[in-house]
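Per-chain numbering from 1; labels A, B and C assigned in written order.
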Amino acid sequence: MSTQPVILKARGAVARRQLFSRFSRYVFLLATAIPVTILLVLTYDTVQTAWPRLDWGIISNYPSRHWEITGYRPGIVGSLWILGVTVFASFPVAIGTAIWIEEFAPKSRLLTIVKINLANLAGVPSIIYGILGLTIFVRFYEMERSILAAGFTLALMIIPMTVIASQEAIRQVPPSLRDGALALGATRWQAVRHNVLPNAIPGIMTGVILATSRAAGETAALIMIGGFTFIRFDPGPSPADIVNPSAFYDGLRESFTILPIQIYGDTINSQLDFRHAAAAGIIALMAGVMTLNLIAAVIRERFRRF
Amino acid sequence: MKELDETLAPASRAVAADIIAPEPTPTEEAIRTPAEPALFRLRDLGVWYGSKHAVSEINLDIPLNRVTALIGPSGCGKSTMLRCLNRMNDLIPTARVEGRVEYHGANIYDRSVDPVEVRRRIGMVFQKPNPFPKSIYDNVAFGARVNGIKGNMDEIVESALRRAALWEEVKGELRKSGLALSGGQQQRLCIARALAVQPDVILMDEPCSALDPIATLKIEDLIRELVQNYTIIIVTHNMQQAARVSDYTAFMLAAEHGVNGRLVEYGPTTEIFTNPREKRTEDYITGRFG
Amino acid sequence: MTRAVFERQLTEIQEDMLVMAGMVETAITQSIEALRLRDVALARRIIENDKEINRKRYECEERCIELISLQAPLASDLRTIISVLHITVDLERMADHAEGIAKIALKLSDEPPLKPYIDIPRMAEVAARMLSGALDAYKLRDAVRAREIIEMDDEVDGLYEQVYRELLTFMIDDPKTIQRATYLIWVAHNLERIADRSTNICERVVYLVEGRVYDLNVSKY
């Protein structure tokens, strides 16, 4: 029996290991700090540039030749309408596809091919979608350079990533929930509807919002479709047209612009002061995307209650 | 005949060669048909997962209103066999089932049979309690709702919870989440959920393996109560549980012991545990292998 | 091999039981010796030793109960332990009978024998053979042999009848022999009980091997 107290301080090899562990911790901290710092610096820079135009006019005014009063209202309205079309066109298809793949499809060659294709499509550059949209929607379906064409094009673009994200979300639902429902005599659809989907919604929502944010910022493809830089009216149907389907449809076939395009236009304007407006527009876009994320987070939490 | 030599070293009993050498088919009398009305008759039942043969040539009569236990080492196919009884194996893409499973005389694998209806009448409780992330009430009502069972839902829920010996503990908190219950309560909730669709069979796949001893005993008591009105088939790797709870016991062996998911012995529980006829059964039960 | 500790414990209780059986066998043969040779010291030793045999029985019993509660034995392990439990009881009763004979040997030691002892030692010999045979059957797990041993009980019963009738005649002829005769009848009775207990052991062996308890020693009366 030792009469000396046990020494538990780190020495030798143990101390070295500990030291390395602490060191690596700081390395990772640094790795995190870099992008965060860059982001903060960029944001600060943008805010600084935007400062003269950080007013409500930036989103409520029409474009003007005067940078002090120019606004991005058409772009915002256009973006919203296009996103609306995108959402309606893509989500049912994407989520339905994910459900089919994960819950109903029998294992076959065809299924594997579909899955591989989806993964590939998610990586295709957006300009390709623009060209595709131009050919199919604008020319072939004769939608012309309209909100409808833009919306469908973006829908095509985000369907693959939405499907993949939804697939992941559905896969996260433990098989025991599905099995439990089926063992009680539920049909496949009932099990999906009552057990799988409600629990997959948080994940699906995340995927949906990410996809929407991507679409909201998409510029190149829509330039291909033919978004105008300088429009002084509100693209799309007017609010009164909600009740009138044909007028609504006609409204969707109007030409459009979107916020990113308008911002871009102002960044290359020969009058350098338009940079302030552009920066303010960027802030507005960022605020919009953040709001979308917030909505997604709220929806996720609501469904996670149980 | 077993020998005990002069120094009393237990000879012959668990010599490796005895275990590995395969005995092709069980002797006739090792599979004893209960002299009681049978609810299930399994005839030449076989299951494949792709090319892997998981269960082979099971011929077994499972009696009505009794508890039948399936025991055997891990991977012997007992869970697979259990899942054949309510066609849950249909959900595994690579699974292939051959043979007949006769329930009330009708083959449930017949083309004209709807698996959904089979599963309503033959309920299942799983190894890890899997209450839905809904309220206790909605958990129990779920089965009734999806099956379109008419009636006063409150009564249906209460009746099922009573039969599962859970009513007294949760009657004031039916809106509470099913996940907020203890493990043993969750499992009883799953049993109540199964009872609510009015099955006549309950299949249990190692229902107590994730529970503490007290919860386990409560469920065993519940099983003995339920068997008066239901037929219960339980898979367990706990020998004592099989001995305590069941009326008939079936012992299966897995592929690595020379036979492929085969039924080695089947008979009244008292006989299996005091005087098994097959050496392999004896060795397994006394813990000399597996 | 799995359950090595349990195997060892099972072996040990059976070894203990057989040690105890050896002590009982000795007590039986020696008690008749003490009677025949009027050996007081031997008789006293036998009576002393009985305490040891009793102690051993309770020890075996405790170990059996311990094994049952701690190891949850099943099938043949369970039957083995149950057999040991029962057999030790039979052995202990047999030892008590042997002690009874030794006590009678003490009582009869200061008088000449009533008559040459012929049938009584014969009975003792058969009874001893039965016990030893039963133990062999146990060791070899031989149910056939066990059943054969049980048949031997008829011989002991027959001898007992004979002894009883003979001693009865003695008592009727000469009332002064009553005391000694009754003692001798008691000895014969003890021997008959010993033989009967051996058949119990044989029934246990059959139980151990075949898994069922049978009543095999059906009286011929």
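Criterion: contacts are C-beta pairs under 8 Å (C-beta built on N, C-alpha and C of every residue); 3 or more make two chains touch, one makes a residue touch a chain.
Because the structure is predicted, anything quoted here is derived from the model rather than measured.
**Q** Give the label of the chain whose average Cα location is farthest from that of chain A.
**A** C
**Q** Based on Cα centres, what is the most central chain?
**A** Central by C-alpha mean position: chain B.
**Q** Distance-wise, how many Å sit between the C-alpha centres of chain B and chain C, to the nearest whole number?
**A** Comparing mean C-alpha positions, chain C is 49 Å from chain B.
**Q** Centroid from C-alpha atoms only, then distance chain A to chain C, rounded to Å. What do you get?
**A** Spacing between the chain centres: roughly 93 Å.
**Q** Residues of chain A touching 2+ other chains?
**A** Correct list: empty.
**Q** Enumerate the contact residues on chain C facing chain B in the complex.
**A** 1-3, 6-7, 10-11, 14-15, 18, 72-79, 138-142, 209-212
**Q** Which of the residues in chain B end up touching chain A in this complex?
**A** So the residues of chain B touching chain A come out as 86, 88, 91, 93, 116-117, 119-121, 123-124, 126, 128, 130, 132-135, 142-143, 146-147, 177, 179, 190, 193-194, 197.
**Q** Tell me, which parts of chain A touch chain B in their complex?
**A** Per the touch definition, chain A meets chain B at residues 106-107, 174, 176-177, 179-187, 190, 194-195, 198-199, 306.
**Q** Along chain B, where are the residues that touch chain C in the complex?
**A** Residues 1-6, 8-10, 14, 239-240, 243, 271, 273-276, 281-282, 285-289.
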